[in-house]
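Below, subunit A partners subunit B and then partners subunit C, in two separate complexes.
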Partner chain A sequence: MEQLFKPGADAIFRLVLFIVIFSAAAALAVAAALSGSAFVTGTTIAARQPVPFSHKHHAGELGIDCRYCHTTVETEATAGLPPTYTCMTCHSQIWTGSPMLAPVRDSLARNQPLHWTRLNRLPDYVYFDHAIHIAKGIGCSSCHGQVQEMQLTYAVQSFTMGFCLDCHRAPQNNIRPQDEIFDMAWTPPADQAERGRALLAHYHIRPPAELTDCSICHR
Partner chain B sequence: MPPRPELLRLWRGLDDPAHDPALRRFLRAEFPAAAALAEGPDRRSFLRLMAASLALAGLTGCDDAEDGHAQEVPYVRQPERMMPGRLMRFASATLLDGFANGVTVHTRNGRPLKIEGNDAHPWSRGGTDIFAQASVLGLYDPYRSQSVCSFDRISDWQAFGAAVTGWFAALREGRGAGLRLLTGPLTSPTTLAAVAAMRAAYPEMHWHSHAAVGRAALREGTVQAFGRRLETRWRFDRARVVVSLDGDFLDPGPQQVGVARDWIAARQAGARNGMLPSLHAVATAPGLTSARADFHAPARPDAIMTLADGLIADVSGTGGSDDGGSDALAEWRRRAAAALRGARGASIVLAGVAQPPSVQVAVHRLNAMLGNLGRTVFFTEPAEAEAESLASLTGAMARGEVGTLVMLDVNPAYDAPADLDFTEHLAKVRLRIHAGLYADETARRCDWHIPLAHPLESWGDARSLDGTVSLLQPTIAPLYGGRSVAEILSLLTAPQAPRGGHDLLRAHWQESVDEAAWHEALLGGFLPGTSFAEEPVAAQQVAAAPAAPRPPRAAGLHVLFRPDPGIWDGSFASNAWLQEMPRPLTKLVWENALSVAPALAAREEIAQGDVVVLEADGRRVTGPVWIMPGQADDTVVVTLGYGRTALDLLAPETGYDAYVLRTAVSPWQIAGAALQRTGRRVELATAQFHNTMEGHDFVRVQRIGASPVGDTAAWTAPHFYDESKKESDGRAWGMVIDLDACIGCNACAVACQAENNVAVVGREEVMAGREMHWLRIDRYFAGPAQNPDTHFQPVPCMHCEDAPCEVGCPVEATLHDHEGLNLMVYNRCVGTRACSGYCPYKVRRFNYYDYSAAAPPSEQQQRNPEVTVRARGVMEKCTYCVQRIAAARIVSDRTGAPIPLDSVRTACQNACPTRAIHFGDLARGDSDVAAARRDPRHYALLGELNVRPRTTYLAKWAPPDAAPPPPAG
Partner chain C sequence: MGAAGRSPTAAGGLTGMPSDIARRPGPVTSRYIAPGTSFERVAQDVAAIAFGHPGWRRWWVSFAAALALVGMLAILLLVLFWQGVGIWGNNIPVTWALDIVGYDWWLGVACGALLTSALLLLLGQEWRSAVNRLAETVALLAACAGAIYPIIHLGRPWFFYWNLPYPNWLLLWPQFRSPLFWDAVDILSFLTVALAFWYVGMLPDLATLRDRAAEQVRAGAGGSLLRARLYGIAALGWRGAAVHWQRWTRAYRILALLGVVVVLALQSGAAVMFAGTVEPGWHDTMQPVTFLAAALFAGVGVVAALVVVMRALFALHALITARHLDILARLLLALGLFNLYCGIVEFFMAGIAGDHYERAAMQRRVSGPHAWAFWVVILCALLPVHLFWIRRLRRAPALLCVIGLLVAIGMWADHFMVIVDTLQHDFLPSSDRPYAVDAWAAATFAGSVGLFFALLLLALRYLPVISILETRHLARIADVPSRRGPPPVAGGPAPLWGVAAEFRSAAAMTAALVALRARGMRRLDAFMPLPVPEVAPAMGLRRAPMAGIAVAGVAFGAVLMFGGATYATVFDYVFDIGGRPRFSWPSFVIPATAFATLTGAVAIALALLVLNRLPRLNHPAFNIPGFGSATQDRFFVVVEARAEGFDAAAAEQALAALADPPLSIARVPR
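Let's look at the complex of A and B:
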């Protein structure tokens, strides 16, 4: 009886096997990379806004405190967006004729709110509270990045559950003293491991097992 | 071994002892609710399901705006103290038939979301009822009337103003001759002032008032007994015996919240001192009052007067006359009479709104003879103002004397007694104006319909039963441009210069309340010191009055009219929460039935669900039969509120319209009716047989003086779990439900629905066992079907410490946190329903369809943003209001102060009018819930399972001389 397979069949089989496994792995890797990419998550992409508001100019160059506009960040779940009135406290005096600011003046004149595009977004089943994070030593830049350098604002984090859990499992890597919360250029100091442990005790931060209870974020 | 408590032989419905094979199969199925799915869909439903799944799969790709981004919209000018998402509280009141119940309205982002109690309010004292809880849904009801209509055509206020200006100017010329005003019962001082102002402008105007569930018999009773209109009030804390002759003080109604609180408080105080005040009740139709009675008996309606006379004879010692009643009734009378004789000056005899004036007079006589007047029974001015009757209005309409009829917040075309022929006479009126929340049956027959503002949208005031004036303040601008009754009266009085609601309200109280006190009153929700003072009555006079003649014993069946325990007289027919709330005794939803006694059903060979024709005086209704244990023989109970014909309603043409049979002469009962079978049988939508737990001692009864029925077995029994591995952060949330304080009113269940975005599923889904209520109230009967004891047991999630559901879940979507909560993580759930199969208490609910997404946009405005809206395919259940715990925890962590003791209150706990639910931190020995756990009556539901439930119960009290329960069988 004649051989069914030629001597090279083994090699072909191995090659096919390799290609199948490799392409499956490659497809998974591409899918994983794509799902976390800016293209899908929208991070690092500045969305169109009614006014090209520059955090770099206001927060970075002028040094206006975050809380001047985001007034409820220390007391409420949401940081809050400034009402048109807040913009106009200054812009009724300066840049009063700027065409860029026309939508703001319009909003005040017609008593119609500005519609901003949301950048940082959480799923509806996640309940994030700004106030408790500020109170427990998490600074703005830990989640929102170097906002003071953004000419047009964009999100730096996609807020996957992994991102939240990384910190809830090891908050000592990210917590800061109260006077550095609004320091947008903050980077962990060399001795963060040691300082973090001291701050954990100072803030009475719960152990990771409790911080990762589902009911901490999901209701 | 702890002593085994007396087992009550409990059953839940008449089909239950009958061991209906279909029911047994239903119960044996692991997932009764999924049985229809397991049978396999036919080709059409398969295709429909596939199409639906495809469409739904496509929808997941959608996002809020066209560019895939949601929007953030800040204010132009930030209102003071208003922060995005922050909870704001406004003291206000909800209304039932014009009577107020002081509440607190919780709003977020400018939207009223939830009604909570107002602890400081002298009448409600923090309690609420189902109507208060459901009123937020009523506000957002998409079926509400949304514009001024003229002959069914959309119009506007300007056109209405223009149309009435000339007409009412002409009326003014004629001193208002031919002008008639018809309103519901009015307790509001401001609205009454507006009526007076209108009468001043039109001196010959007549004002009539109409309520389908009127209190006319009570008023007529005091007029006959004391010569004046009075409200009868009770001091339960001074009474040892309460005898109720078809009384309704625990049933839904304007009295429920305050009176039930008084009764339960007196009962608990008495039980602590070993002197449990006992409730003796006869009832023609079982209600919440007779269900909670220690001694009860059914009685035919014509036997009540005989019974009252018998009690008078017993008490006066002139010897009992033979009442010819059943053995149970005779036995009841002996007990009640003996108890009354032993408690002169410390007893209360009362009767309900459905009893005729003759019985009311007899009750006053009894109280006078017993020396109760001024001690346990006292009288005040009635809260509702006196007006002419509906019958006198229809009389005038028939004579053609009515040229202009203004109907405010009433729907007589639907709920007027049939013998008045209201709609026929309405056609003779030249100008008909109707104002209401809905474009209802009356609106359709009117020249003008104008939308009324919801109580949550308007300024106003109203009195509670005790006279306390509550202030209503708007928590949202009128959604559809409606106006309040007082504003409309002002418009009709002076069409050129109508006044606003706030203006009218403040102007009315300008003289008596200064600015500082007014500010205080708005914050508190009521005007202090406005409750009525006690009115002295001449006790001698009533005691000496001759006895009223007894009604002859009528042949045939008695038809008894009762308001529906959910949708009342039909005014809440559009409220889905109330429609789907299982009625306390029948557990029926979305429809009404003709209730008959078991004996009558047996005699007439009628089975549950048989469609019958009930005929009386040549008028007839057709509906399915419900066999009601404990109902008096030869009676048929019909409930009001269904059979609506207005099309702009949530569920038109469901049930039958009982008003067709009603007469103005005898609004609560008619005799000489007959039943006729049609041969058809329908399935009734009831939540009764779903999720039963059988053969256990669910409800325990603690007789005074008997050994404690509570046990600690559920916490001390050994078990296999490794205790040492359990971590805790020091808090341990727990709940104790006092079954003795529970009156089965359902306020907790509706409050839970409002707080937790619990979906409404509709009649068909309930019939498939898919109701979503996180908190159900189980109702059990014990004893003979003719006269059973009734027990209510609210069952939320037990939050078992060793929860079986957690073992069942393959994806860890249900698990414990460190505060002892059994969590449900919706975003992890893959919908295996294994947890529900593992749950011994059957408190888990599964989203078979995307129930929540189907809700109309306006109703979605009511949703609590602090609670996830569940999608299709996930399991859900009671969370102990985890959002409230989380809010308290965040504040505590942020400020460093511990959570104040007993400050976290669940929605059900806050809603309860009788404070039956205790919730708090078990780890703190001084907490309310820890104290409740130390009560000797404390026991766990299915404690023998050793799952260590965090929700536990306190046994019901029973007087020492109560009949011992029949042995377990």
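Let's look at the complex of A and C:
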């Protein structure tokens, strides 16, 4: 009997099998990598804003406190965006003619707020409250990164559920004393494990099994 | 084909010749098939369906109708995804309606069909040859048709994969205690095991079709070489070598065993989804048994109906005889009695338990707004099978087909009755709300039927619809007059792969192997159309390590799933779900069992291919003159040239000097 297939057919057949299996595995790996990438989540990408506001200049170089603009961070669920009047407390005196600030003056003249592009977004089914996090020793930079270093502002976290759970399962790793909450350059000290445990008691923080209840965030 | 001194034989022209009982393995032509049916006839008859396609006009009409239903399903699914499952008319309290009815029914049919084929194999029932391929195909395709439901009945079907445990940004695990998770694992495992069982069982038959197609082309009898090559790729280079068969036989039986286990896991899981609630009519330890009984009944009903249709369409009366129909009818009768028993027990228990809600649920089944379902169960499934007490009716094909279909319909109504009657009215009168079958839901089910038939028609069109191999065990080898004088020796160009000899019976081949080994020859191989148990000892083959591999595969899956569920639930993410214990081990057993069958089936299928060095499309064995008949009715022995001290002339002499000499001897080039 003659061969139905040439000797090379086996190599081709096995190559095709390998490519099919490899591509399927590679497609899954690419999808997994892509779903967490900056390309999809938008982290580390500075969005276009009406005014190229620099946190590095205002918070870093001038040393303006976070709460000067984000006034409700200690008392309400949202930290708050400043009204145009807040900008104008200084910019009615300095850089009054700057073309870069034209949208701000325009906003004041028309009595219309500036339309900033939102960077940190949570889904509607997540209940998040800034005030309780500040009150219980979680600092700004733990979620928002080194904002005082950002020439143009970007988000550093995509706020996946995994990110929230990491801290709710082990809050001692990130918890700070009251006076270091607004320290944007804070890094955990060498003895954080020990201090963290003391702070948990100090703030009366509930055990992780309760902090990871579904209803803590999904109400 | 047929280079070396054997005359080509015409299809069907071998019946009535003097038999060759002493030289063939197994019994004389079994009483299950037409007397005198030969190996060649079996292969030609089944190949004729795949190649010649009898009744192509009817096939096209049926296929077009099935495709139209699939098209309707596609459009319907777009609307469903856009609008949501509300279009099915499901609402509180009847949240599970036709979608779960359809799912449970399809999976019941699939499980019943798979269990039938697998159990008959394990019990050594030779009559399974008539139904096993069809039953396995029905199992696989019914599971495909049913598998669309768990996805499309989700609120957000594009997130169906959230039900599987995989690393994710939510750091969440699925709920391992939930029957909904078991279902996802069960259906994946079932599809894998059913696919492996079906395909591994079909490999030798695909090789038979490959060789018949190639013979047709070479004999100038039509057909294209492409067809032979496509079957060749599908057969993965199967050549029926002694070790192939040794491993295959064990692999096939192990897969059958895994099939039985996955069916038990799936049906128990589905039943516990009901029994685990406190709903009246569901909360019953009998539920897994009832589910299994209903599944087997529906599966055998569908298989019986389709076997009759296939037998009539393809004129397979020689291979599927009245005796087969008789057994299927008896099986339906027995399963009908089993289901009747389950139903009576359910009513009896509700009657003596004294629970008002339970009794009310049973009463609603008989006389409630959906009482039609109860009467359909009685009139379609439970009563008609009793006609089969009469022998003459058991052998009436049309009646078997009708009753098989009625049973399938009755079992569908059974799922409807159980689901809707309970949900519509549980404990609170205030939550009673009428439910009526919705056109969209009915159309979705019709679409799934279309999907099933479209796939089934493709399988009937292109694949061996009857297991050629299994039927060979019942048939006889056509007699070839023994040769006078020395067998012809064909030369071959160097370099040599070996010296091959063609035998007319398994006994002659086995004797040759023993004789050659006694002469100190090594590197022997043998090729045959069906497994011959005597070959392994004759060749001194070691036992195939298939059982060990299966155990390792099963253990891997069981430990992985059970350990994963334990790690996730006890350590990684502790949640309080209704005060259940963290280590809820009984609920981890079902997915662990199902997943173990999945990994076991994958391990066995891979081991079969890797150990046999398949796929191997091009092999020196195919250079043997007339080797195509190794998948029909000839047996070959090869002395390979790589053996130490190999001498082609000595090998030829040894072969020619055998007491039952070969039909021909050939030097085979590499």
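Just so we're on the same page, the second predicted complex is superposed on the first by the 197 of 219 C-alpha atoms of A that agree within 3 Å, B and C clash if a C-alpha of one lies under 4 Å from a C-alpha of the other, contacts with A are read in each partner's own complex, and residues count from 1 in each chain.
In the analysis below, contacts are C-beta pairs under 8 Å (C-beta built on N, C-alpha and C of every residue); 3 or more make two chains touch, one makes a residue touch a chain.
Not measured: the values here are computed from a predicted model.
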Subunit B versus subunit C, judged by how many residues of subunit A each one touches: B
Which of subunit B and subunit C A:127 touches, first, second, both or neither: first
Touched partner set for A:172, first subunit B, second subunit C, both or neither: neither
Subunit B versus subunit C as contact partner of A:148, first or second or both or neither: neither
Subunit B versus subunit C as contact partner of A:81, first or second or both or neither: first
Subunit B versus subunit C as contact partner of A:43, first or second or both or neither: neither
Which superposed partner A:209 touches (first subunit B, second subunit C, both, neither): both
On subunit A, positions contacted by subunit B and by subunit C: 209, 213-214
Residues of subunit A defined as touching subunit C within the complex: 1-7, 9-10, 13-14, 17, 32, 35-36, 158, 160-162, 165-166, 209, 212-214
Partner subunit A, residues of subunit B touching it in the complex: 65, 67-78, 83-86, 727, 729, 815, 817-819, 821, 823, 825-828, 866-869, 879, 882-883, 885-886, 890, 893-894, 896
List of subunit C residues in touch with subunit A within their complex: 1, 3, 167-172, 210, 214, 218, 225, 228-229, 232-233, 237, 573-576, 615-618, 622-628
In the complex with subunit B, residue positions of subunit A that touch it: 42, 47-48, 72, 75-78, 80-86, 107-108, 111-119, 121, 123-125, 127, 129, 131-132, 135-136, 204, 206, 209-210, 213-216, 218-219
